[in-house]
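Shown below is the structure under consideration.
Just so it is clear, A, B, C, D, E, F and G label the chains in written order, and each chain counts residues from 1 on its own.
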Amino acid sequence: MIAHLPALQIVLPLIAAPLCVLLRTTRLVWLLAFAVTVASFGIAVELYSQVLQYGVISYAMGGWAPPIGIEYRVDQFNALMLILITAVATVVLLFARTSVAKEVDQRRQPLFWAAWLLCFTGLLGIVITGDAFNVFVFLEVSSLSTYALIACARDRRAITSAYQYLIMGTIGATFILIGIGLLYMLTGTLNMADLAARLPGVTESRTLKTAFVFIVVGCSLKLALFPLHLWMPNAYAYAPSAVTAFIAATATKVAIYVMLRFFFTIFGADFSFGAMPLGQVLMVLSVIAMFSGSLVAIYEQNVKRMLAYSSVAQIGYITLGISLATTTGLAAGMLHLFNHAMIKAALFMAMGAVVYRLGSCRLDQMAGLAKQMPWTMAAFVAGGLSLIGVPLTTGFVSKWYLVNAAFDAGWTIIPVAILGSSLLAVIYIWKVVETAYMRLPPADQKPVQEAPLALLIPLWIMVAANFFFGIQGNLLWQSVLQAARQLSGEI
Amino acid sequence: MPPLSAIVKPTTTNHQGILTISTGPTSDNRWLHAISLALTMAVIWFLLSGHTEPLILGLGAASILSITWLALRMDLIDREGHPIHLTFRAPMFWVWLGWEIVKSNLQVMKIILYPKLPISPRMFRVPVSQKTDIGRVLYANSITLTPGTISLRVNEHDIEVHALTQAGEDGLKDGKMDRLVTNVEGEQ
Amino acid sequence: MSTLIDILLLSLMGITALAAVRMKSLFGAVMLTGIFSLLSALWFLILDAVDVSFTEAAVGAGISTVLMLGTLSLTKSEEKTSNHSQIIPLFVVFVTGGVLIYGTLDMPDFADPLAPIHTHVAPHYIEKSGAEIGVPNIVTSVLASYRGFDTLGEVTVIFTAGVGVLLLLGIGRRREDGDE
Amino acid sequence: MNWVTHYNYWIVILLMMLGFYTIIARGNLVKKIIGLNIFQTSVFVLFISMGKIPGGVAPILRDDPTTIYSNPLPHVLILTAIVVGVATTALGLALVVRINEAYGTIEEDEIHEQDRFF
Amino acid sequence: MTHHFILRVITKLLIPLILLFALYVQFHGDFGPGGGFQAGVIIAAALVLYALVFGLNTASAVIKEWVLLVLIPLGVLIYAGVGVASLLLGGNYLDYNVLAHDPVHGQHLGILLVELGVGMTVAAVLTTIFFAFAGRGHRDANGNLLPHSALSDEIRNRKDGQP
Amino acid sequence: MMFFVTVIALFPAMFLALGRAIVGPTLYDRVLAVNSFGTFTVLMIAVLGFMTDQTDFVDIALTYALINFIGTIAVLKFFVVGDFGYEEQRDQ
Amino acid sequence: MINFLSWVLLLSGCFCVLISAIGLIRMPDLFTRMHAAGVGDTLGAILVIAGLMLQAGPTLLLAKLVLIMFFLLFTGPTACHALAKAALAGGEKPLLDDNNQ
């Protein structure tokens, strides 16, 4: 069975989802989902250790050799991504059980978990597959289930934001589809490795450039790169908290993964950054995103929305690293990808705990909350510190490497921008801290209790992860650096 | 499988549709009709498929059985749902109807091509002498099938018809089609 | 000779799409979308994509239309005139279209038998599927076997849609109490 | 490059852009979905155009060994894409129904208007 | 106006034929155009026709909610299960060669089963979606069902916007 | 050749039917036009099958003949009842 | 001989269809248009399919063509009738000749 781990990685949750519909009892369904997620985590870890041991794993679906059939291909980068997704899913799932029980209608919960598992399956499928069209299929699986998950919230604005996300997401997916179609037209193959082998023959083709543009725009829509991020704040703000934590930590990251896969594995760094002005465009957009996202976040009253805008800025950091077009820059971007997933999962989970008690996460209602929910707010502060990039947190590590990479690449203005944007982050995090710690609760507000342990434990696991990888900064960095080297073809 | 009588409730009030639909006649011999439906479907299946491998034939048999079961469950099978009894008397009628269709088509085409568009649309009622719904349906659809006349509203006693010209009206009012359809329908 | 059919069909499609986009009556637009997908089904037929045409005829003209009508029956069937500035959308559309047209300049000619897609992977399917799968319809072979995993994904997509709609609307028999 | 052979592509691009324009410019939610349908269908047409071979027939094996078959792979991809399209349409329409219940309108402007004061 | 028997009679006549054609398409996907997906759509279309003509209540009495809710996951499970079976028999995932002694037979069996799963899920999902839309009814913002009489005239008597 | 001529000859009819569907003026006119358009398409699909010697097309024509009917019935239900789910009680 | 016959049938079928479409445009109101549409739905379809049947010869294809014709002939009038009825119920008034009443 060990040889079939890549298939099982997807098939387990994929089979569990219909089983959820059959079981129809919330408790059982959740248990099944949890068991499957933990198993997936185990498989992901095992896959990573195998990749480290034996190199890239290729698995032929249906036994058809790659360009003919669909290939699953695990290298260091996507093995790490698999671990990230499954780990975040496990922790968030622990959190989600209590949170969702409160925020989602009782009757919908079995189906809700089915949709959750489908989303999980889709994300894993995108990451593990080595076939360009298969990416599109699983992208749609994850997107469609995400739309449904977002719309499950009781707030009516959740439905509108799900609709908006659906429109934007479908445009993005269709753009990616057009891009894949053009690539297929030029080469006659859909397998990523085969594409990579055949594309250098047609680098002069204008069709290839068009394909590149469409894939970049499509991915940017999905990952909410600066001018295309408009769907994201609402979707994150009004979705059920657990869903927000899950998709904020995984969905956009997976979109970045897809983009990197196309840039480096398929088009090749030479084409992406040499023939196309990708580096420059991406860098400008990233810097704008870092500042505009943070600035808007400062004026935001709804903390979940604030964090969503902060995500826009943070995604800017990631793409900034990529736009440097050096291996260390890429590695720094990737490191920030992982760290940001941990940070945002922790922050959104903290907000989920607040919503669990308060029913809202607007700033004016959170005044003086630190006295009533000390552990939750402490977790928020810890996550916030990591977001800002205070030493000993993981946020610091990635920014450190980002600054280093920028210096190495000869950009001295970039570190200044990073610093400036981090200062803005200080402001919006401080706003929350000040409200929660220094203001008095409004007189008419009923006192609330600390969040239940079922919420606090996963929340603090995530916070602890932030500190662990902050203190052991080198651990993740070395893995990511290896992955980046492999991705950019250095080894 | 539970007994059929338990599954198929007599639907006396449930048939509601685009406009209210009355219940069909209670079936006289449901099983006989089911068997003949299955046989008809078997013939059609073979005409569609043309494969004689055991696998395909077996699948065909399974399909036909399940459709028959579903049709029973949907209460589709009775004299109207599967009017096998009509076919024996029908051929002459179809020939006659075909000829009528050609004639009236030519008339309508002439009208369309005529520059002045010599139409005089009119609505009138013709009596219905059929006793069953299926007979009335046959009559009403025959009226519609011959261009120049469209059946608008149908009830037990008469059919409201929209005709394009005086000739169309006269052609219907002589009652030949009505008699022929009643003839096809046969005694109940 | 099929060029003439091509051109006629494409112009029909163009007219239909234009009318569907311009029409204020949503109902009319839905009907025209039905016609549009019907025409595209015809076009697929001319390009020898029998299975695709089959699916498009059944889905586009049938199920999609019925679902859209179902939505209209629950909402409104008239579009209001919006007073948005149309400049930005027009700009985006022109840029996108421009990029695509730029891309077509180096495309292999339409129906060029030497284009890469006809020489690389596809010949394997055409030549070997008879022996490897033993099913005459190559599309079925590729769909269900060579790329069977895609099809599993496809079923999952439709399953997801089912779950999603159930989550959003609840099923079937109308309940007098809301299921919010 | 031959303009006649590219004429097909250009018309298809025109269709795509009509759909795309409807999605981004129209404020009516159902109209957006209609635009999405037109957009996706046109993309499918573009894909299928690639698979054509002159003198080819549908990829269903025949006894005659000299037969030229059209490329089956785009057909397979588009079959999947059509399914994805109908799934998206269904989900989008379900959302529209819910929006209409919650807001009493399916016009984007009016929805924004209602949400402004929250 | 109380009888719309033309529609009823013709529908009764057509539905078995449509279903038969759908199953023909399902099982002849190997030889000609068609397959599970197309068949599923046509089956759903037949059920939609039934629901349209005979009313939603009648239709959902015949095709029970729980049946649909079993069929939807079952189709996916059949498909994924074929893959698991091939794993257990020693092949790769979805490698039908190992399903029978002879690879071609295995492929045939695999394709048949897989298409069956596709057809099942598609038919059930599309029917369910239609039922969900049709059964939704007009509701107010709190999700309460509005009676037909409360609908605006605009909805009850639809008129075209065009002059 | 004969099939080709037939196909080409069907096009003007389709153009005209499309025109009626676009112009309206009433909803019913559109439905009528779409229905006619559907019939023309069924014929064209069948003829195309013969033209290119791929008689599998007949299956598609058959499908479309069915789907067209269902679509029309759905439209009519939509008009008369205004809702697919409500049971009809208006007409007595 | 058969070829000639099917030429005649196909062409006259096309002619019917074309006339029907012209009628669809020329006729003054919904109900009269239905008559025009009926031409294409009945005779046009019958002739074209009959022409194809001659080409098909006594094969299974013939059966399928018969089935198509059967469907068209059953569904066409039904849809037309239902449409007329719906239009009347929806308040459409047919245009009638004055000296008729």
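Heads up, the rule we're going with is that a contact is a pair of C-beta atoms (placed from the backbone, for glycine too) under 8 Å apart; a residue touches a chain by one contact, two chains touch by 3 or more.
Just so it is clear, the model here is predicted, and its values are computed rather than measured.
Colleague: By the touch rule set out at the top, what is the minimum number of steps from chain D to chain F?
Modeller: 1
Colleague: What chain pair shows the greatest number of contacts?
Modeller: Max contact pairs: C-D.
Colleague: Which one of the chains is farthest from chain B, going by Cα centres?
Modeller: A
Colleague: Select the chain at the greatest separation from chain F, using centres from the mean of Cα atoms.
Modeller: The chain farthest from chain F, judged by C-alpha centres, is A.
Colleague: Could you work out how far the Cα centre of chain E sits from that of chain G, in whole Å?
Modeller: 30
Colleague: Just how far, in Å, is the C-alpha centre of chain E from the one of chain B?
Modeller: 26
Colleague: Chain A to chain F: how many Å between their CA centres?
Modeller: 47
Colleague: If you look at chain B, which of its residues touch at least two other chains?
Modeller: In chain B, 16-20, 44, 48, 140-141, 151, 153 touch at least two other chains.
Colleague: By residue number and range, which residues of chain F touch two or more other chains?
Modeller: Expected reply: 14-15, 24, 26-27, 30-31, 52, 54, 56, 59-60, 62-63, 66-70, 73-74, 76-80, 82-85, 87-89, 91.
Colleague: Among the residues of chain G, which ones contact at least 2 other chains?
Modeller: Residues 20, 22, 34, 64, 67, 71, 74-76, 78, 80-82, 85-86, 89-90.
Colleague: Given the complex with chain F, which residues does chain G contribute to the contact?
Modeller: Its residues touching chain F are 3, 6-7, 10-11, 13-15, 17-18, 20-22, 24-25, 30, 33-34, 37, 40-41, 44-45, 48-49, 51-52, 55-56, 61, 64-65, 67-68, 71-72, 75-76, 78-80, 82-83, 86-87, 89-90, 92.
Colleague: Using the touch definition up top, name the residues of chain F that touch chain G in the complex.
Modeller: Per the touch definition, chain F meets chain G at residues 2-3, 5-6, 9-10, 12-17, 19-20, 26-29, 31-33, 35-36, 39-40, 42-43, 46-47, 50, 55, 58-59, 61-62, 65-66, 68-69, 72-73, 76, 79-80, 91.
Colleague: If you look only at chain C, which of its residues touch chain A in the complex?
Modeller: Contact set of chain C toward chain A: 99-100, 102-108, 115-122, 124-125, 145-150, 152-154, 156-157, 159-161, 163-164, 166-168, 179-180.
Colleague: Quick one: in the complex, what on chain D touches chain E?
Modeller: 58, 60, 79, 83, 90, 93-94, 97, 101-104
Colleague: Touching residues of chain G toward chain B in the complex: what are they?
Modeller: So the residues of chain G in touch with chain B come to 16, 19-20, 22-23, 26-29, 31-32, 34-36, 38-39, 42-43, 46, 60, 63-64, 67, 73-74, 76-78, 80-82, 84-86, 88-89, 94-97, 99-100.
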